[in-house]
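Following are the structures in question.
Look at the two complexes coming up: chain A is in both, with chain B in one and chain C in the other.
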Partner chain A sequence: MHYVLHYGQIAPYLPYLIGGMAISLALSVLSFIGGMVLGLFFAVIRNEGHPILSRLVRIYVAFFTNTPQLVQIYVIYFGLPDFGILFSPFAAVLIGMTLNAAAYLTEILRAGLGTVHAQELDAAETLGMNRLQTLRHVTLPHLFRVAMPALTNQYILMTLGTSMASIFGVEELTGRAFNINSTTFRSIEIFTTVAVLYVVVTFIATILLALVGRWAFRARVPVL
Partner chain B sequence: MGALTWIGRVAGLACLLAAPGLAQAHSLDEILSAKTLVVGINPNLPPLGSFSDTNQVQGFDVDIANKLGSMLGVKVQLVQVNSADRVPFLITGKADLMMGALTRTPARAQVIDFSLPIQTEAISALTKDSAPFKTMQDLNASNVKLIEVRGTTPVDYVKQNLPKAQVTLFDNYPDAVRAFEQGRGDAIVDVTDYLGTYTKQYPAKTRVIADKNAEVDYDAIGLAFGNEPLKAWLNVAIYELETDGFLNDTYKKWFGMAPVYPIPTTPYF
Partner chain C sequence: MLSFLIAEIPRLFTIYNVILLLKAALTTLSLSAVGCVIGLFFGFLLSIARLSHRPIFWPLKALALIYVEILRRVPFLITLMIFFFGAQVLGFNISALAIAFISTSVISTAFVAEIVRAGLRAVKPSQMEAAAVMNFSAWHSFWHVRLPQAWPLILPPVFGYFVLFIKDTALASQVGVLELTQAGKILNTKGFSASLVYGAVLILYFIISYPLARFGAYLERRLGASRHSRPRRAI
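Moving on to the complex of A and B:
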């Protein structure tokens, strides 16, 4: 028995799949931005905040990095409604992914912050920079130069992780692939196409993130 | 699913070709003298058949099979089948009776016999008791949110008959029913009889809306082609179980609800 590939049968669905790709991308970008903001905040607290706050952040990070993301979203999506909090599918997945990303990014950024030398900060102070200027011109460039590969990695993992949104009724790339599969049964054609689309998304994201790192933080990261 | 069906078909064909002299299905007399009735049950099709806490097969089909056995005064031996096995098992005599939501179809009727129907399957809508919907067409509106399970035939039904409704897809029935119960949708369009097992875990009162124009599938007990005395006995027995309420009570026990599309009972068959 041999199987004949018929990519032509799924060609009409390509716009539908690309629409799903846009939703995947929206999920990953928004949750990455949210996670970065929260993560930076938490990382600073971890490094130089009040001991009690620092301990709370540690508990948060331990909890979110030691439980599966799927379970976390499941609790937000199916657990909270029992307490009267009903998020839309997209919002529930976005919140879950942001909270999860914040935990991982806290650790990445904290490690990055740890590599900023005390002498660099002293030099900035000597030059008369205020705290904001120091952050913008000294700490962040150093942090991102060191942490960029780990951040890019995390972002790619998150992009691929958006595939679990289909479980919660969000019609992103994987969800749409399952939908097409259930009507055409062209599994091999569909999922190889989807794999290529994911590669395209993560490839573009890697380049964009490297450019952002170069342009905004003068981090010497290779674009490819 | 598709692959499994094919494996099943190929396996079924292989069985047919490999068997040198086909095993004969047992006649009514042979069943009575052997004191054993072999019944095919799908153990992965709750509430018709599933494994209990003690790993015994239980369900609607099991109760019906045992009742038939006790009416005949013979022991019931259950054989586990999957959907694709059902017809090959009858043809090769591996089972005397076949259950597992076996739908009467002209194609199958060319190779096996069917008893009177014991169960119906047709698409209906499950909604909250408080919802305003009266008929199936009330659900065809842009403000109606339907919850469906990805890859099931009701998804196509919704596309054709309720195109205006918004649809959210889930991967499995427990998640779909939970989302419905938590207010993420107004209704589930499906063979809603099978949802009773899940909805009974939730407090909200639900209501079923039948479709006047539904294509009703009749599920019957299958038996080997031409096994006439057994079929004649089976039909009389099923009529008895229909009229004395056993079928309906057993249905309610396992499905958690009365049949959405009940079978009209007639003494002529």
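Moving on to the complex of A and C:
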């Protein structure tokens, strides 16, 4: 009980930590975009694709949402080299997170697609829109407006999930925290500082995404 | 390569290793379950504090808000590390398993509190007004009016969170808790191929999680009205 907190000792490392934060953000943004693209594709297949493809997407989603992201990345990073497929740590984590995010986002987007009214699609057809135009002007705006809160939630959870990249040696925020921990041994100080940084970053992300949702899709998302 | 892996399978699944994996699976399950039960208890207390209107509860309300908003935004790995090193610093001699149990409870309290609050808020105010008109005490109107209506809205998402949290407990392997992921690591260190071992671990997680997830979906359909129970706002 004779421990004295010395936040001063880790103050010089703050720029180093913020650099790590940039890598964390890059990971989360890239995997979110990748997951969105894959997820949108899968959601459309799942809703109106060929029955066999639809079944395959269902299996994919069930498998990836029912297994931990950590072990998925373990398989990609440590398991695939058995078959001669080697990834750098960053690439392995990025692929794992994207595949994992795609599964969750498929479910979110599919639920959103289900809320597009049939009348709206009929109206678009009456106006002579082709399928792409319908997607661009009717389905997607509606989808994002409905799904925005869930998507924000998913993005925040993914930002928190990037912390497991440190386990594979990616020097993002948590990885750099471990580095500083092993040079200064100021464990409590360093990990509480990192926790505060995560809180700040996710708060900013929540507010930004809410503003984007309001501005671009007129989603009714409370900013705070 | 594939033939090597297939040749390895009988060596991997000896009685000893299977018992190791099953014990580890039990730890994984109990980490999430204990976390969620304790989380449900404290989550109720927190959300009752947050929903009360009396001025006496103001500081408590603020504390509950800060707890929920902050703990939901800290990665589980960081929480684990803070408790791990915090226990060292404070001189508590407790096992890694105890640390994992404490961190799962602390984290799930924050998440479950938010679900409970959304459920309690979904009950129409007119119900409580009616209870007040009938001269119910605060406790009576909570226990006999509010809770029975909120319960079906709270239970399915909490169960869903419990299933989600099973996967998050994989991170407890980082402080050395012998759960499923750690068992995979141990077997991998013993010389079995990573792809085989972690593949087996993935399948075990799936076997645990998938039936529970299906049961959760059934619960949601059965109790109905799940749409109202989800927190409207993003995290």
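Everything that follows uses one rule, which is that the second predicted complex is superposed on the first by the 219 of 224 C-alpha atoms of A that agree within 3 Å, B and C clash if a C-alpha of one lies under 4 Å from a C-alpha of the other, contacts with A are read in each partner's own complex, and residues count from 1 in each chain.
Basically, a residue touches a chain if its C-beta (ideal position, glycine included) is under 8 Å from a C-beta of that chain, and two chains touch if they have at least 3 such contacts.
From a predicted model like this one, the values you see are computed outputs, not experimental measurements.
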Could you tell me if A:F191 is touching chain B, chain C, both of them or neither one (first, second, both, neither)? second
Identify the partner contact of A:T126: answer first if only chain B is touched, second if only chain C is, both if each is, neither if none is. neither
Partner chain(s) touched by A:L70 [first = chain B, second = chain C, both, neither]: second
For A:I156, decide between first (touching chain B), second (touching chain C), both and neither. second
So which one touches more of the residues on chain A, chain B or chain C? C
Can A:F78 be said to touch chain B (first), chain C (second), both, or neither? both
Partner chain(s) touched by A:L86 [first = chain B, second = chain C, both, neither]: first
Check chain A for residues that touch chain B in one structure and chain C in the other, and list them. 78, 81-82, 166-167
Which bits of chain A are touching chain B when the two form their complex? 78, 81-82, 86, 89, 166-169, 171, 175, 178-179, 181-183, 185
So in the complex, which bits of chain B are touching chain A? 2, 147, 150-152, 155-156, 168-171, 175, 178-179, 182-184
Chain A partner, complex, touching residues on chain C are 1, 5, 70, 73-79, 81-82, 85-86, 88-91, 166-168, 170-171, 173-174, 180-181, 184, 188, 193-196, 198-199, 201-202, 205-206, 209-210, 213, 232-235
Chain A to chain C touching residues, read off their complex: 1, 3, 62-63, 65-72, 74-75, 78-84, 148-150, 152-153, 156-157, 160-164, 166-167, 174, 177, 187-188, 191-192, 194-195, 198-199, 202-203, 206, 209-210, 221-222
